[in-house]
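Below is one structure; the comments refer to it alone.
Note that the chains take the letters A, B and C in the order they are written out, and that residue 1 is the start of every chain.
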C-alpha cells in the first residue's frame, strides 16, 4: 500500500506543478499590464516599479515563474483589484460556505443515488428500474441553473415556503442557514446524484452477476447479506473512484448555484471576478481549485487503497 | 436406506429471446446414497451444470424446472420456499464450483468467507467462526492455516483456493456435496490432490457427493457410480467398475475411446474422436439425439426415443443397440 | 498469413441503425435530436418572427395565439428566439465534440502505442488539466480572449479532451496486446498501418460512445457559459442568454424562464438517449 501511495503522491505533485505552469501561462497571457494582472496593484508608477522588481518582470520567463511560485507558496496571491483586500483572505473567507454547500449537496446526492442505484440493480428490467433510470437520465440532462430557477419559482414565489436567496452564516442561525441552503443543495446534488445512481447501478449489476455472488447464494446467505455484504462491498470501489472524478464538476456546479441563490461562496467569487476583470482573484481561484482537486483525489486514492485489498497487500491494483 | 438425494424425472428448459426454448435437461433421474460418490459425466453443453443448479435452486434467470422432483432425504426441494432453500444451501448442501478464484469474493478474507457460512447457519459468533475456519482450512490440507485465514483469495494459488472453497462447502457438515467440475481449471498435478481431499472428507464426514465432470480420469479415480448424460438426457447409468469394464451405450464407448489408456492403446496412435458436436435441443427429444454421430444408428434410432432400460443389475442404458465393443 | 480485425459490431455494420430504432427510448431520442438539428438549420424559415424583432407594445406578455411562448423583456417572440437559439447550442455541441475528438484521439493513440516518456508526459499533463474545473478554464479563456461563442466552444472542447485522451489510451493499451496486432507487427507492418488499420477501427466503438457522452455535456456547458455571460453575447439568441434575461422577471413572467430551459432539457435528454442506445448496441459488455 505504501508503494502505491508513494507513487500516487509523486504523480500528484507533478500534476500540481504542471497545473501551476498552466495557470502561470494563463495569467501572463492576459491583456494589459502584467504587473497589475499578477498582483492587483501597481497603478501608480512607483508601486508599479516595486511590483515589477518583486515579480522579476524584466527577467526571463522561467525566472518569473519561479518568483511567482515562491510568492504564491508564501501565501500571497495578490490583491483583489476590486476590494483592495488580499486575495488569499477573500478566498479563505468564502471557502467554508462552499464546503458547506458541497457537503449538503453530497448528502443529497448520496441519499438519492445510492438507494436508487442499488434498487435499480436488484430489480432490473422492472418498472422500478426504469423509474430510477429515468431519474438518473433527467438528473444528467437538466441544466442546473434552470432547475434552480424552477425551484425558486415553485417553492419561493409560488408556495412561499423557502427563501429565494440570501445567506445566513451557520454559526449565526443554523435553522435559517439550512433553510436557505436547502434548494441550492438539491440543485447541486441532483446532477451528482444522477451520475452516482447510474454508476452504482452499473457496478452492482456487474457484481450481482459475478461468480462470487453465485457462491454467496450457494452458501445460503440471505439476499440482504448477498446484496450488501458482497455485491455492494465490491461496487463501492468503483463508485469511490468516480466520486473523485466528479468533484471537479461539483466545484463548477457551485459557481452557477451560488450565483442564482446569491450565496457568497467560492464559486460566486469566480463569477464576480470575471465580470470585473479581477485577474488576481481569477488566478488565485484557479490555483486553489487545482490544489483542492488534486488533493482530494489523492485522498480518494488513499480510500481506494484501503478498500481494495489487492492494492493494500501488493501495492498494485491488479 | 433412504438415499440422501433422489432426483426423479427432472426437466429444465431455458428461455431464449423470441419465445424459443433450449431443453437443457430432459427427464433425468438418479439417486445418491450416504457416503457415495456419483459422477455425472458428459461433454460441455450436455446439461450437467443445469441439473446441478436445479438441485440447488439456483437456476439463472430464464431457466426453469418444468417437471420432476428433487428429494433431499424426505423433503421435495422443488416445493420449498425461497427462505427454506436458503436454509438448505450451505447447511444441507455444500457446493464447489469450477473456477475457485472468481468464485471467491476478492475483498473479503478467506476466514471471513468461511466464517459467514458458520455465522449464518450455526449462529456462531465471529470469534468462534474464525477459529472453526482455521480448523477447516487445516482439515482440507492448507498449511499454515492460522496465517492463511486472514489472507485474501488473490494471495493463494488455484489449488489452495479450491481447498478453501471445499472448506467453505463442508463447514456445516452438509449431507450432500455438489462439486461442479472441481478440478477442470486446475493443473493436472493439483487435480489428484483435490480429489484426494474430497474423497477423504467424504469418508470422514459421511457426506454424499455429486461430482460433475467431463474427465473420465476423475471418474475412474473417485466415483462409485456414474451417470452419463448426452444432450440433456441420461444415456447410461452404472457402477464405475461396470461402466469401464463393459460400457453399453455407444456414446460412453466413444468417451472411453477418447481417453488414452496407459496400457491398451499403441503408442503414437490417434485418439478416437466422436465426429460431430453435441446438439442444442431446441425441442424436446423425439428420437435418439446421439443418432447423427452414432456408428450403430438405424431407422428406429432416428424416429423413436430410447429410454433407460436395465441391462444388467445396477447397469442401465438408453439405446436400441446396446453392447460393449462397437 | 493475413491478420484479421476483431471488431464485433462495427459502426458501419448494417444492423446498427435498425437495432437503435428498435428500442423506444432511443427512437424517441433520435427523433427529437434530429428535429432540433433541423430546427437549428432551418430556423430562418421555420421561426414565425425575426429573433431581433422588438415590439414594445407587447413586453413580457404571456403565451397567446400569435406568440406561442410569449414575449421577452424587449417584446421579442420567445418561440422564434428559442428556435434560433438552437443554432448556438448545436454549433457549440458539435464543434466542441469535434475539437475534443480531433485533439484527444491522436494524442491518446500515440501515447498508448508508443508508451515510454511520451506516455508519461501525456498522463501527467492530462492529470494537470483535469485538475481544473471546467468553469475555471472557461473563465480563464474568456478573460484572455474575450467572451464569445467560439471561445466558449473551444473551452468546452479543451475541457473534454483529457478524459477522452485517457479513454483512448486505455483502449489502445488493451488492443495492442491482442493477437491480431502481434500478427500484423510480425508481418512487418509499419506502425502507421498497425495503428490506423488495426487498432483504430477496433477502438472506434468505444470512442463513438464517448463522443455521445461529450455532446450533451457540451450543449449544457454552452448554455451554462452563456448564462454566466461567458459565451454567446446578447443580442444573439441563445438559450442560456435568454435565461439570464428571464431571471429578474421570474415572478411576473415565469413562461420566459420555463421555455428556454425546457428546450435545453429536451435537447440534452434526447442526445443522452441516443448515446445510451448507441452504447447498448455497440458496447454490450457494459451490461445494461
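Assume a residue touches a chain if its C-beta (ideal position, glycine included) is under 8 Å from a C-beta of that chain, and two chains touch if they have at least 3 such contacts.
Model, not experiment: these values are computed from the prediction.
Colleague: Chain by chain, through touching neighbours only, how many steps does the shortest route from subunit B to subunit C take?
Modeller: 2
Colleague: With contacts defined as at the top, give the pair, A-C or A-B, that has more of them.
Modeller: More contacting C-beta pairs are found at A-C.
Colleague: For subunit A versus subunit B, what separation do you get between their C-alpha means, in angstrom?
Modeller: Averaging C-alpha atoms per chain gives centres 53 Å apart.
Colleague: Mind checking the centre-to-centre distance between subunit A and subunit C? Centres are C-alpha means, answer in whole Å.
Modeller: 22
Colleague: At which residue positions does subunit C touch at least two other chains?
Modeller: none
Colleague: Could you tell me which residues belong to subunit B and also touch two or more other chains?
Modeller: Residues of subunit B never touch two or more of the other chains.
Colleague: Mind pulling up the subunit C residues that touch subunit A in the complex?
Modeller: Counting only subunit C, the residues touching subunit A are 123-125, 127-136, 139-140, 142-144, 216, 220, 223-224, 227-230, 240, 243, 246-247, 250-251, 254, 257-258, 260-261, 264-265, 268-269, 272-273, 276, 286-288.
Colleague: Tell me, which parts of subunit B touch subunit A in their complex?
Modeller: 56, 58, 85-91, 95, 97, 99, 102-109, 116-117, 120-121, 152, 154-155, 165, 168
Colleague: What residues on subunit A touch subunit C, complex-wise?
Modeller: Subunit A residues touching subunit C: 11-12, 14-19, 21-22, 26, 29-31, 137-138, 140-146, 149-150, 152-153, 157, 202, 205-206, 209, 245, 248-249, 251-252, 255-256, 259-260, 270-271, 273-275, 277, 279, 282, 285-286, 289-290, 293-294.
Colleague: Under the touch definition given earlier, write down the residues of subunit A that touch subunit B in their complex.
Modeller: Residues of subunit A touching subunit B: 210-212, 214-222, 225, 229-230, 233-234, 237, 307-310, 313-314.
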